[in-house]
Amino acid sequence: MPARRVLLGIRRMSEPEQDGPLRVTVWGENVHERREEDVRARYPQGMHAAIAQGIAARLGERVRVRTATLEEPEHGLTQSVLDDTDVLTWWGHAAHDQVDDSVVDRMQEAVLGGMGLIALHSAHYAKIFGRLLGTSCSLRWRNEGERELVWTVDPAHPIAAGVPQPIVIAASEMYGEHFDIPAPDELVFVSSFAGGEVFRGGCCFRRGAGRIFYFSPGDQDYPIYHHPDVQRVIANGVRWAAPPSGVRRAAAGSSESPRAWFERAGA
Amino acid sequence: MPARRVLLGIRRMSEPEQDGPLRVTVWGENVHERREEDVRARYPQGMHAAIAQGIAARLGERVRVRTATLEEPEHGLTQSVLDDTDVLTWWGHAAHDQVDDSVVDRMQEAVLGGMGLIALHSAHYAKIFGRLLGTSCSLRWRNEGERELVWTVDPAHPIAAGVPQPIVIAASEMYGEHFDIPAPDELVFVSSFAGGEVFRGGCCFRRGAGRIFYFSPGDQDYPIYHHPDVQRVIANGVRWAAPPSGVRRAAAGSSESPRAWFERAGA
Amino acid sequence: MPARRVLLGIRRMSEPEQDGPLRVTVWGENVHERREEDVRARYPQGMHAAIAQGIAARLGERVRVRTATLEEPEHGLTQSVLDDTDVLTWWGHAAHDQVDDSVVDRMQEAVLGGMGLIALHSAHYAKIFGRLLGTSCSLRWRNEGERELVWTVDPAHPIAAGVPQPIVIAASEMYGEHFDIPAPDELVFVSSFAGGEVFRGGCCFRRGAGRIFYFSPGDQDYPIYHHPDVQRVIANGVRWAAPPSGVRRAAAGSSESPRAWFERAGA
Amino acid sequence: MPARRVLLGIRRMSEPEQDGPLRVTVWGENVHERREEDVRARYPQGMHAAIAQGIAARLGERVRVRTATLEEPEHGLTQSVLDDTDVLTWWGHAAHDQVDDSVVDRMQEAVLGGMGLIALHSAHYAKIFGRLLGTSCSLRWRNEGERELVWTVDPAHPIAAGVPQPIVIAASEMYGEHFDIPAPDELVFVSSFAGGEVFRGGCCFRRGAGRIFYFSPGDQDYPIYHHPDVQRVIANGVRWAAPPSGVRRAAAGSSESPRAWFERAGA
């Protein structure tokens, strides 16, 4: 008999209203905003607020958006909040290490059970991202405000709907290959930078029942989360990452299955 | 600048002799063998010895094989041993939790840097496997000694070379879908069982520079590691998983890259 | 300048009503039905009618379904019909060679432009399927009415929604590996048969803007298209395969793109 | 019983010498060379000769290289030549339509049976490439001699061995996304151009037993096939694409398989 691993039993989750709005939680570290005046000027209520507002503006009644930040108890991600979240977006940078491992465990379980995850920019180094992907997620970088062109390589992908070819970001932090991720299940966007580097900055991964979308533009030194095309991508990503059936089940453990367990009366 | 994650710097590794033999380490838990007389009768020197002998028998001078077990200091997987290993095979079942996290960290770094990993049977619940895949790796099971047929679904894959269609295993433990793994990068074998279940029991994954092959048959209650076709698959897997260039580099961290860093004199 | 290939210009297509029903065309060969009394008894209006009724029963107002058969002019698939089709389902067996190449060209162009395709059972040998996949699509088979179990290997996939694990088909034609297809972009179902064979019978492929779902059960000697779980899968497949944006564009040719072609005023 | 499709029976193929050199056939259209003085000056014996010499220089005794051109009988690709070829490289541009369909059929059968194919530059529009991939393979282009940087996105891939990051090509024809190909089974290189465009120019596909590598740089207006890094990539590609077992079997048709066909005496 196999030794039992972590994730267990059924958890009572709050259900979305039938055909109700997607419940989105936008998580922000909220460290740079409090620490650096220019970031605060750029994002007066925090990047998380700008991201949340972008989602709400584009999806209207189809979403119900809340925010959560690092400094809140349990980083604002109690079991109850996660049970009431269809899609979680994540932006972190300066304080990855301060995210509590028990919260990371909880998030991993939620994703494997169907919660969507949108990982933004420096979230490539977030504990939850590495937990789900298994690689170092390292990359090359240069922060000189050069122009970024975000090219769609899969125009029929739902996340690319209504997105111009290319998205032009006037000033951005360069992220360059080699990006140490597993081969994405779906590659949607590839960026180029003025210095010539390229980066697979729009990637989809499936882990358990959960859908993960990583989108690279978004350094705190630039107003990228106010950019309408970036907001469009994030909104599309939220819709794509939502659990298909609307209901999340806890990730199953292994089950002993007697012969003919699946036979049904009359089948 | 991105916050720096775990893996760092260059490690001095012992190099394989130029075009020298593959250095294989076969890790076994060695718990059932010591605890259960019938397992000991089946595998007098332990499953790890049978697996190692199978590899050596088929690959001869092309490999140099050693074993390591849970009860050894650092589970036999010191940094030095890992630096001197091209491919690690892993069989564990009853004591996954006893594997020290620092050894798991070390193994993950080695795989990301290019060390191959062959995960066998109940290793689907090994810490290192979950660390690299990010999912629960749960499955259905039934241990009634039923017949297993291992079907090749990718006959041109190197791991399928010389393997009959199907491999017939007279008595085996049923592993059945749903197997909670990420979609494999390559699917080589699918098993069926007398009870009707199926299982994607031969899968390849790439993580960083490392190649991972999971092969499901191998419960300790059956002489499966003496089965010539199973030994053939494992030998093929070892050859496939070996780092292409023969040399392993430590996984890179993120590096700040000034404009034109890649320009070369005369290029 | 690259030599120009086949597909060309913009075609005027009839648009679906805004947020209107999916327009589904169910194509059937209608040869066995006319030729064999037992098939006719099983499917009095033809397999295509049973398939169409199953889709309509499950999707109601969300679809508008029509049928087309081989013996109609242009096999019922004029340019106008294809322009008015969001998803085409295909069942053929005895007369693949009779499908006119110009109709196949037309269908390929439509799929690349976004029309979905559901290929059923012996459609693995349909001209359109081989045209899109590039492989021989050969397989093993045995027609002895043995039981088939259709196992879901990706339970979170939209096509698996509401589908029991496994689907039990009392009598079926065995299709067995090796199935010479490219590695599917997504693998949803794997079947096992009483004789022990397995088959990757539920696969998804993306070609251009089009989505293709192949589903293997469905020999004319069995009432499989009356099976409620099979109808559920086909209905799910139709929804999955529908072009995301609802509008189909002709596949683009290559375009010469001057420097800065993408710059936009004000960007 | 399934209707029988094209590919048939066992063909007698000339076998490579046991552990003998890879047999490589380099096919060139040889139209631009004869038609345009500057191309002839750049490639006095034709692009195919330069490509062949590059392969021979890097792989020495491990290969036996020959060339073939469009104007030869059967384009130099008789059944006998293909049976004696482990890897075929293809460069075509101005005369794709002139390649005889029966030769394309023959090549497709060979690839499905295990012959490797390296498709170079404008071969994206070659009949054989579209036959194997099923999509239009269209792209954006601009021929202004701008700089191309070929970035490795999978540094552990065998085709990337010994390749600098990035490859710098001083003057090249821009090929840009969207490149209408199926999602590659493996993505090795992504190019950027001075104008900002990106292109997935180094992709691997598996079709049947055959391996296909597409590599985009190589317009006839530039000396790209003399570029040492490009020659390195092509040599790596040839080694990667070689049939694993060294022997090629004809693609199998479908076979009726009676119950227990696979049982073996003593198994």
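Per-chain numbering from 1; labels A, B, C and D assigned in written order.
Here is the rule we go by: a residue touches a chain if its C-beta (ideal position, glycine included) is under 8 Å from a C-beta of that chain, and two chains touch if they have at least 3 such contacts.
None of these values were measured; they are calculated from a predicted model.
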Identify the chains adjacent to both subunit A and subunit B in the sense defined at the top.
-> C, D
Looking at A-C and A-D, which one has the bigger number of contacting C-beta pairs?
-> A-D
Chain-centre distance (mean CA atoms) for subunit A and subunit C, in whole Å, is 32
When the C-alpha atoms of subunit A and subunit D are each averaged to a single point, how far apart are the two points in Å?
-> 38
Per-residue multi-chain contacts in subunit C, two or more chains | 149, 155, 165-166, 176, 178, 183, 196-197, 206, 208, 262
Okay, in this complex, where on subunit D does subunit B touch?
-> 114, 149, 155-158, 161, 164-166, 168, 206, 208-210, 243-245, 262-264, 267
Okay, in this complex, where on subunit D does subunit A touch?
-> 147, 149, 151-155, 165-166, 176-179, 183, 186-187, 190-192, 194, 196-198, 200
Can you name the residues of subunit D that touch subunit C in the complex?
-> 1-3, 5-7, 93-97, 108, 112, 122, 124-125, 130-144, 174, 176, 178, 180, 182-183, 185, 195-197, 205-208, 251-260, 262
